[in-house]
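Listed next: structures, encoded as structure tokens.
Common to both upcoming complexes is chain A, partnered first by chain B, then by chain C.
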Partner chain A sequence: MTGLQRHGWAVFAAMSVLFFVGVFVTYWAEARGNPMLAGVDQTASATQSGGNFEGKEVRFGIASSALFAVVTTDASCGAVNSMHDSYTPLGGMVPLANMMLGEVIFGGVGAGLYGILIFVILSVFIAGLMVGRTPEYMGKRIEAFDVQMATLVILVFPLVVLVLTAISVVSPDFGTSQLNNQGPHGLSEILYAYTSGAANNGSAFAGISANTLWYNSTIGMAMLLGRFFIIIPVLAIAGNLARKKAVPPSLGTFPVTTPLFTLLLVSIIVIVGALTFFPVLSLGPIVEHLLMNAGQAF
Partner chain B sequence: MKNFITAILMTLVTTVLLGLIYPLVVTGLAHQANGSLIKNQAGEVVGSELVGQPFALPDYFLPRPSAAGAAGYDAGASSGSNLGPTSQKLIDRVKADVEKYQAENPGKPIPVDLVTTSGSGLDPHISPANAEFQVPRVAKERGLGEADVRLAP
Partner chain C sequence: MADTAKTISIWDGKIIQRALVDSFVKLNPLKMMKNPVMFVVEVGALLTTLQLIRGVIAPIPGVTNFGFELQITLWLWFTVLFANFAEAMAEGRGKAQADTLRKAKTETTANRISASGKTETVSATKLRKGDVVLVVAGEFIPGDGEIVEGVASVDESAITGESAPVIRESGGDRSAVTGGTKVLSDQIKVKITSNTGETFIDRMIALVEGAERQKTPNEIALNILLAGLTIIFLLAVVTLQPFAIYSNATQTLFVLISLLVCLIPTTIGGLLSAIGIAGMDRLIQHNVLAMSGRAVEAAGDVNTLLLDKTGTITLGNRQAAEFIPLKGDSNESLADAAQLSSLADETPEGRSIVVLAKEKYGLRGREIAELSAGGATEFIPFTAQTRMSGLNLDGREIRKGAVDAIEKYVAAGGTQSSAELREITERISNAGGTPLVVADNHKPLGVIYLKDIVKGGMSERFNQLRQMGIKTVMITGDNPLTAASIAREAGVDDFLAEATPEDKMALIKKEQAAGKLVAMTGDGTNDAPALAQADVGVAMNTGTQAAKEAGNMVDLDSNPTKLIEVVEIGKQLLMTRGALTTFSIANDVAKYFAIIPAMFLLTFPQLQALNVMGLKSPESAILSAVIFNAFVIICLIPLALRGVRYRPLSAATLLQRNLLIYGLGGLIVPFIGIKIIDVIITTLGLA
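For the complex of A and B:
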């Protein structure tokens, strides 16, 4: 449709990089097992898959469970074959991070493609800033309005997730009283619930008893805002680009078909995601990982 | 208008095809829709190959712990424990089970699936390591040699 099949491959490569990193991190974290379980043999051998086995089925083992968890959160699938709540902190952080990036790694049905295209527009824009030219994408100039709308898409999602999570964690009556786990894992449970809702994933950390007035109404709100509000600015970009005249590519055009572009796209996705969610992730899964290795239980 | 008619027709065709014809074909040809039921000699259904049951007597191979329902292995209440890795409840539960099994089989490492619950709470399988761990007990309870228990189908 765009006549640029190699651009498709460049984007596909960026998604693949993020996908495989996710699978390997989850597998590594789960295969290491849980150091808090003393006296239990968690090493992999010919007769058992070992690792952190709470919430996993024998027939799937560690590898298929880790792969399933990453795939289900890269796309907006939401089915699970093992309980994400019982994953090790870092193993559970990967599914969470996959959804926080907006499910752009291969992407959810319907909403996956425009998610990655927003990141592509941001990448072209930032590349344009670096070389000092007006950025172009598919022969269309990317101007202030398009970037404003793209930024809006990027910002609405964390706004919904973080504000609702923040209200829940400071509310003992209706927020933290519904938790199954204490300590940083409780924060992960609340965060996962809103992230999954806003990203329309449907998978759950599940330890949280979300069938209450507060959680039902706010997660419902997160679902509506997370999916439908984001469509408005995306359509605005589409309409605005459609009106513009196509310009032929020049020397100043940043090529979107090269490995360099793939690298830039991966970096933009990771940096935007990390800048937005690193603080909350460091209070949840990351601090839990450190405490788990230090032998602190809750 | 043409689009609407196409959409409505598409809905009707897929409803009949995928909602009626496909299930009937699958039921008729593959018989998988009957489930993987296990029948006893009298022909009564006593379980399913794919849904674990709570064997508790020491002369059976014991299943994994289960968080499905209050007593475990409640097929109407499939659930994992949803306990995180730093949960004190999880650590205490595993510790109690480890002590129980160490008394039964001193000095042998405890396979991890023997003391952890599954995601569904209905896991019908145990790992070979877990089975091997239980061989001495089953052999003793049934008055068989350990090699005979290992060879049993």
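For the complex of A and C:
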């Protein structure tokens, strides 16, 4: 439609990089097994597939389960073929992080693309100034209004996920009382529930009895805001860009078709996502992983 | 003014002194609110101060750590002050220039000519629009105006910094005068065109002081992004406390605010307005006044540059390059006649003919007086009717002029001009030159080839512009053939020949309709509509008042080539902003690795694995991150004021370079910086 097929490939490449990194980390974490089960044979052999097999089906095995977990959270699918709750901490963090980035890696059917386009606009704006011009995307100038709307989009996620999770974890009556696990793993469970809701993924980490007034209503709210509220600013950007006059590309135009752009896009997605969720992840899966290595489970 | 501006170094003692005071004045929350990022830091510093006082009055055993808390609080205040200092430094340079300008605005008196024709002496501040004043040699012109009568040489150094006086005369494009400049000779009657307080000098003072500074479009957009990021980090930090409580690792206010201040983009937030002010300042150092910051930014975005041929691309005058004799005539006799005909010709073209005759044929310049001694010499000056000039010498009639004029002259003598003459002149025209035919006693001798001389280095400049994706269009009144030839020689991308002001306007509108931004220079009243239509219109200071008002920049040196520098300054401004934004955001990664493990190390000792920098203790880690955060603002002030180094490269290459320096550099530098600070403060025993 834009006639810029090479830009499409650049964006696709960025998605693929993030996808393969996710698959690799999950597979590595799961195949490595649980260090706390020392003495138990967890190595792959003719008789067993090895690794952390808790909560996985024999017919899928480690590799397919890891692949499925990453795909279902990248593509806004929500179906699961294994229990994410039973993954190793890092293995379970990947699906969580995929959703936290707004399911921009490939994205779901229909509304999947705009998530990454928002990050493209942010990348173009942040780095675009560095070439000494008002940033342009597809020949359209990215100006205050577009930046405002794009910022609003990336704001919704932390607002919904962090605030609701924060309220839940300090409320013993209706929040933590529904948990089956304590400590960092319990935090991951609540966090996953809201992230999955806001990202409209629908997959469950489980380990939490979410069928209560509090969780039903707040996760419902997360779904409403996370999915539908975002559409408003995205449409506003689309309308605003459509109205603008297109500037013909020249040598001075910010290049969006190069491998460098792919790298930039990946960095912006990871940094913006990481900067937002790193604190909570470090108290959830990351510390859990370190504790597991030290011999403590939750 | 310009001379003083150029010599002000970044670290001028007086400016630093004033900036130090200003950084405290700027703590006023009402002023800070305009900068959301730094406002959050100020509020944070205020909260820690209150908490610090509470801790002194009623210390909480096991929690209160006065030494650490005091240092955090102090460094938070320093962060705010450093940002204010950056802004004050940028403004300081402008203020110093404004002071110099104010001196030029000393109280003057004016000789107002009343309606009845009487002259009365009034204070310059009493002058109103429409008043007519008489200014004689040695007096200051009391206000901006237009000369209605007379010619004078005027010293405009107060405005332009150029010490050579300029000629101002009534009528035409040189009639505008500026208040505060001095008449050196003769006397003029000036009609005042602006009221007190609205004169050019007043506007200049306001501009260089930054009093009228409004945020530019890109700055507004960037501010929104920074405010958005600040809100995100605010959410991340505010919600971290419940997570910490859940994890049995409740944090103190000091630690949380430290984390927040380190994460929000303080580097770019603190330097953003300084970058904007410094951009305007750089223009002023190039003796260009921008009426708005928007224009400076637009200059960076320009796609098409309209450049006048004469004075910009070529030297103002044509020069004789060759003598081409007709068959049967010698080079020497043609050169001799050409020289004779030009002896009294004081135009640059005429002089270049004499020079060429001397250089090529060794013909010494003959003294006019020597020739006149015989009494039979008569010089014929150029007139619009004959369109020829020359001389009568001992019965010889030597004439030079355009082909048509000489053909008529030759025909009047009864001879027919040859087809060969036509051929030569056409060849010269096609090559972009101007032919001048020389005739002796109604007989054509040959042709002088006058050539437009392209300024040195222009073709490289245009090449650079092309690499930056900017198209150059040469505007000329010449015919298309001449224009095409010069365009080829100068290396411009396109040309507009036989251009009228209307054509120029149409070209600008056409380019703009295609979504392009156009920049041009102009000085005449007939340029005014095009100057107003162009996205960047640079008016020459020697131009008319109308042109100056229509454009959005004024070049005090009246040097049309400067348009190229203006574009570069605009680009540099945007690049500096982008580079520091990228740097600022990339910095956060290292700060997370410093602070997060430090916060929860007591509860989860295993988090030591995240302490990749190996920082000594939780306190030293947090303190180091806060100190680094504050120091980086100070360290980057010179970069913000000077701007990122600009090289004319394609966007792809620029991006690669800058991403490497400011993106990757922004990731790595803080890891090293925080580690060094940690080593220093633990050695000093501060934490």
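Everything below uses one rule, namely that the second predicted complex is superposed on the first by the 295 of 298 C-alpha atoms of A that agree within 3 Å, B and C clash if a C-alpha of one lies under 4 Å from a C-alpha of the other, contacts with A are read in each partner's own complex, and residues count from 1 in each chain.
The working rule: contacts are C-beta pairs under 8 Å (C-beta built on N, C-alpha and C of every residue); 3 or more make two chains touch, one makes a residue touch a chain.
This one's a predicted model, so the numbers in the text were calculated from it and none came from an experiment.
When the two structures are laid over each other on chain A, do chain B and chain C clash or fit?
Pair status: fit.
Using the touch definition from the top, say if A:Gly107 reaches chain B (first), chain C (second), both or neither.
neither
Where does A:Val80 make contact in the superposed view: on chain B (first), on chain C (second), on both, or on neither?
The answer is first: A:Val80 touches chain B but not chain C.
Touching A:Ile167 in the superposition: chain B (first), chain C (second), both, neither?
Second partner only.
Is A:Asp41 contacted by the first partner chain B, the second partner chain C, both or neither?
Only chain B is touched by A:Asp41; chain C is not.
In the overlay, answer first, second, both or neither for which of chain B and chain C A:His185 touches.
A:His185 sits against chain B, while chain C stays out of touch.
Which holds for A:Lys245: it touches chain B only (first), chain C only (second), both, or neither?
second
Considering only touches as defined above, state whether A:Leu291 meets chain B (first), chain C (second), both or neither.
Touch partners of A:Leu291: chain B and chain C.
Classify the contacts of A:Gly273 with the two partner chains as first (chain B alone), second (chain C alone), both, or neither.
In the superposition, A:Gly273 touches no partner, neither chain B nor chain C.
Count the residues of chain A touched by chain B and by chain C, then name the partner with the higher count.
C
For the combined overlay, can you note the least CA distance between chain B and chain C, rounded to whole Å?
In the combined three-chain model, chain B comes within 15 Å of chain C at the C-alpha level.
Do chain B and chain C land on any of the same chain A residues, and which?
Shared contact residues on chain A (touching chain B in one complex, chain C in the other): 183-184, 291.
Spell out the part of chain B that touches chain A in their complex, as residue ranges.
Chain B residues touching chain A: 64, 80-88, 90-91, 94-95, 98, 102, 109-113, 115-120, 123, 125-130, 132.
Note which residues of chain A are touching chain C in the complex, please.
The contact residues of chain A facing chain C are 122, 125-134, 139, 142-144, 146-148, 151-152, 154-155, 158-159, 162-163, 165-167, 169-170, 176, 183-184, 186-187, 245-248, 250-255, 258, 260, 264, 267, 271, 274-280, 282-283, 286-287, 290-291, 293-294.
Tell me, which parts of chain C touch chain A in their complex?
Against chain A, chain C makes touches at 217-218, 220-222, 224-225, 227-229, 231-233, 235-247, 249, 259, 263, 297, 300-301, 303, 466-471, 514-516, 570-572, 574-575, 577-579, 581-582, 585-586, 588-589, 592, 596, 600, 604, 606-607, 609-610, 646, 650-652, 654-656, 658-659, 662-663.
Which residues of chain A touch chain B in their complex?
Residue positions touching the partner: 33-34, 36-42, 45-59, 80-83, 85-89, 92, 180-185, 188, 205-207, 288, 291-292, 296-298.
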